[in-house]
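Have a look at the structure below, then the notes.
Read from first to last, the chains carry the letters A, B and C; within each, the first residue is number 1.
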Amino acid sequence: MGVEQKLANMGVVTTTLETAVNWGRTNAMWPMLFGLACCAIEMMAAQAANYDMSRFGMELMRPSPRQSDLMIVAGRVSRKMGPVLRRLYDQMAEPKWVIAMGDCASCGGVFNNYAILQGVDEIVPVDVYVAGCPPRPEALIHGVVTLHEKVRAEKFKDLAKV
Amino acid sequence: MSEFQLQEIPVGPYKHLVSERALTGETMMLNMGPQHPSTHGVLRLLLELDGEIVVNCIPDIGYLHTGVEKNMEAKTYQKAEVMSDRLDYMNPIGNNLAYVMAVEKLVDLDVPERAQALRVILTELQRISSHLVWLGTSALDIAAMSVFLYCFREREIILDIFELVSGQRMMTTYLRPGGVWRDVPVEFETAVRNFIKIFPKRIDEYESMLTNNPLFLDRVAGIGKLSREDALSFGATGPNLRASGVNWDLRKARPYCGYEQYDFSVPTHTRGDVFARYIVRVQELRESLKIVEQALDKLPLGPVHSENRKFVPPPRSEIGVSMESLIHHFKLWTEGFPAPKASVYSAVESPRGELGVYLEGDGGPKPYRIHWRTPSFENLEILPIMAKGHLVADLVAIIGSVDIVLGDIDR
Amino acid sequence: MDNKLEKIVQVLQGKFGAAFEEFRDEAHVFISAEHIIEALTVLRDEHEFALLSTLTAVDYWPQEAPRFHVIYQLTSLVQNLSVQLRVPVNGSQPKVPTATGLFQAANWREREVYDMFGIEFEGHPDPRRILMPEDWNGHPLRKDYPLGYEEPQFTFNFDEIDLRKPSPKE
C-alpha cells in the first residue's frame, strides 16, 4: 500500500508532526561502521547478500560518528576501549540510539574479569539489547526492528525533558 | 554535551620511534583508528607522514584486550574451552583444536580415528570461511565491493554446516578433549558434498574478479614487500611467511590429526608483496577443499570420543545403570579432571599461521598458566617494516593483506 | 626424544651447565639470566633455530626464588625441531636481558611480558606497556593480581548491587 492509495484523489494527508518525524527517523537510520569483535563479523553478515539489512533502510554504514545516528556496539568493550567508545558516542549528533549487540556488550558475557566492561550500559545509555554469542544476523535485524518500533512511539514532550 | 578541542598527538612518548623530522614538526603525526573502517577491528596506528608517504608507523594494540589467559586460569579444563573460541573469532574451531590438543598432550589422552577425521574436515572448512572473510573484507578495502557480497554468500553455506553439527554458527565449542562433542547428523555428508561440488566454480568467480583485474593489480603488485629474512626474524608464520618464499606449514612439517594421510600441497610464492599473499591464500582455498574431500571419503566409522572415562563423560544411557558411570559423570562436571604438574607446548596451523598453546598444569583441575601464541601478534609486528615508504592508501591494502584479527592479537 | 635434539641439549648443558627436563618428547632447558643471550645466539647461529615461536612467562607466586620463569620457545625450520629455554627469575626487581638484538619477534613479546608480569628486559628499545592502558596499575597475569570478578545479580541482592554499578551520564 503506497502513499498514492492513501491519498486517493484528495491531495491532502493529515498526520501529527511526531508521526511524520519518527517515520522519517526510522526509515533512514544510519548505523556507525564500528566493529569490535566477533559480533562485528555477524554484523557484516547481516549487511551481506543473504540477510541484507538494506531491506530495513539500514544499508548505509557511516564510518564517521558525525554522520550516523545509530551505534551498534558489536563486541566486547575493554577498559582501554571504553573512553574511545564514549568519545565516539559524544561525537554523534542528536537524536542518537545505541544497540548493544551480543552478550559481551550487554553484560560482559563469558568474560568476567579485569579487562572487560561488564556491559556497555556502564558508559553509554543503551536502547536495545540483542542476546546471543554472537547473535545471528536475524537476531540483529530483530533488534533493529525493535528499535524502530521504539522510535515510532517516541513522544516529543518526553524528549524535551532530557 | 561536552566540548571537544582538536588535540595534537604528543610526540613525547614516541620520541624513540619517530624520525627527527617529526620532532621539528617537518613531518606530520596522524592518528588512524581505533575506529576506522579499514583497520579490521580496533587497531590504532600512529602514522608519521611526509605528505602522503608513510615515514613511520607505530601500531598501538590492546583495545580488545580481553584477559582470556587470566580468565582461563580460573576455570576447569572443560569450561575454559569456551573462551578459546572467542580469541580468533574467524577461526573458532581452529582455536578449539589448538586447545584440546594441548590438553590431550598434557594428560595423555587418546582420540579415536573418526573424531580426528571430523576435526580435520571442520578445521579445513573453518580455514575456508576465514579466508573468505579475509578475501571479502580486504577486497572491500581496496574498493572491490562485489567480492565481499560473493564471499559472504559462500561463508553462509559453511556456517550452516557448523550449525548443523553443533547448533551454533560461529562459536561452536564442538571439539572437546578426547574427541568431539557428539557424532555428526546424517545430513552432514550431503551438506559437505554439496559445498565441495559448488565451491571450485565460486573460487574461479573470485579469481575472475580479482586475479587478472588491472584495477586490482595496480593496487597490490609490488606493495608491502616482506623479505624472507625479515619474515623469519619477526616470527611471521602462515600465508605471510609462505608468500615470502619459506615453505613452512605445520600440517606438513609436524602432522597432527592424521594430516599425513591426505594429499595436498603447500602453496608458496617468492615475491612477498600484497599480491603474493593474495595468491597464496586463494590457492589455499583449493588445497583445503581437497583435504575436506579426501577426509570425507575416508571418514571411518566408530566412536567419536575417547573411552577413557577419567577425562570424557560417559554417555547418558549408562548413567542410569552403572554406578561407576554416575560417579565419573558427577566427578567430571563438579570437579573436572586433574592434569599433571608439568607443561606442554602444542601448535597447529591456523589460517593465519602457527597457533600455539603453552599449557601448564599444577596437579589440579584448572590450568595453572595458559599462554596463547597467536599468529596475528607476530604478523602485525612487521607492519611498520612493510608500510615504510608507501602511500597511506597502500597502507590500507597492506593491513588487509596481513590478515590480522584483533581478538587474536590482544587476547 | 629425537637424537638431534638430544645433541643440542648436550651442547647447551656442556656450555652453560644447564638443568634439563623432558616431558612428552619436549625438551625444557633451564638457563640462568646471564647466559640466556649467549644460549640464544648459539642456538640461532650454530643450530639454525631461526624462529622465536613465542616468549612468555609463568608466575609461581608465593614462591620467591625463583618466582618467575621466562620461557623462550624456539623452532628450527630446517631441522624441524623445537626447544624450550626457561629462565628462572627472582621476585624482587625481576630483570632479564633483552633478546631483541637476536630476534625482532622478541620486541613485542617482551613488552607483553613486561605488561602482564612486570619483568623488565634490560636494554629493550621500547619499554612501554603494550596491551593495557599506559596508566594501568599492576600487572594482570601475576598470581597475586585479582581476576577482577563482578558479582552476579540475583533477585535477593539486585538493588544492592545496582546501586554500586556504574551508569552513563549525558
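Quick note on the criterion: a contact is a pair of C-beta atoms (placed from the backbone, for glycine too) under 8 Å apart; a residue touches a chain by one contact, two chains touch by 3 or more.
Treat the numbers as computed from the prediction; the structure is a model and nothing was measured.
Peer 1: So using the touch definition from the top, which pair is joined by more C-beta contacts, A-B or A-C?
Peer 2: A-B
Peer 1: Please indicate which chain is farthest from chain A, where distance is taken between mean Cα coordinates of the chains.
Peer 2: C
Peer 1: Using the mean of all protein Cα atoms as the middle point, what chain has its own Cα mean nearest that point?
Peer 2: Measuring from the global C-alpha mean, the nearest chain centre belongs to B.
Peer 1: Between chain B and chain C, what is the gap in Å from one C-alpha centre to the other?
Peer 2: 22
Peer 1: So what's the Cα centroid distance for chain A and chain B, whole Å?
Peer 2: Inter-chain centre distance comes to 29 Å.
Peer 1: For chain A and chain C, let me know how many angstrom lie between their CA-based centres, rounded off.
Peer 2: Taking the average C-alpha coordinate of chain A and of chain C, the gap between them is 42 Å.
Peer 1: Hunt down the residues of chain B that sit against at least two other chains at once, touch-wise.
Peer 2: In chain B, 62, 65, 67, 70-71, 410 touch at least two other chains.
Peer 1: Could you list which residues of chain A touch at least two other chains?
Peer 2: 80, 112-115
Peer 1: Quick check on chain C: which residues sit in contact with 2+ other chains?
Peer 2: In chain C, 131-133, 140, 145, 147-149 touch at least two other chains.
Peer 1: Of all residues in chain C, which touch chain B in the complex?
Peer 2: Counting only chain C, the residues touching chain B are 23-24, 26, 28, 50-54, 56, 58-59, 71, 73, 77, 80, 82, 84, 103-105, 107-109, 112, 116, 125-126, 128-134, 140-141, 145, 147-149.
Peer 1: Which positions of chain B touch chain C when the two form their complex?
Peer 2: 13, 16-17, 61-62, 65, 67, 69-71, 74, 105-106, 108, 230, 232-235, 237, 246, 248, 253-254, 342-345, 347, 354, 356, 358, 360, 368-369, 371, 373, 377-378, 381, 410-411
Peer 1: In their shared complex, at which residues does chain A touch chain B?
Peer 2: Counting only chain A, the residues touching chain B are 33-38, 40-42, 44-45, 48-50, 63, 65, 75-76, 78, 80-81, 84, 88, 90-91, 110-116, 133-134, 136.
Peer 1: If we count contacts the way the header does, which residues on chain C are in touch with chain A in the complex?
Peer 2: 131-133, 140, 145-150, 165-168, 170
Peer 1: Under the definition above, what is the set of chain B residues touching chain A in their complex?
Peer 2: 1-2, 4, 34-37, 41-42, 62-68, 70-71, 82-83, 86, 89-90, 133, 136-137, 148-150, 152-153, 155-156, 159, 169-171, 406-407, 410
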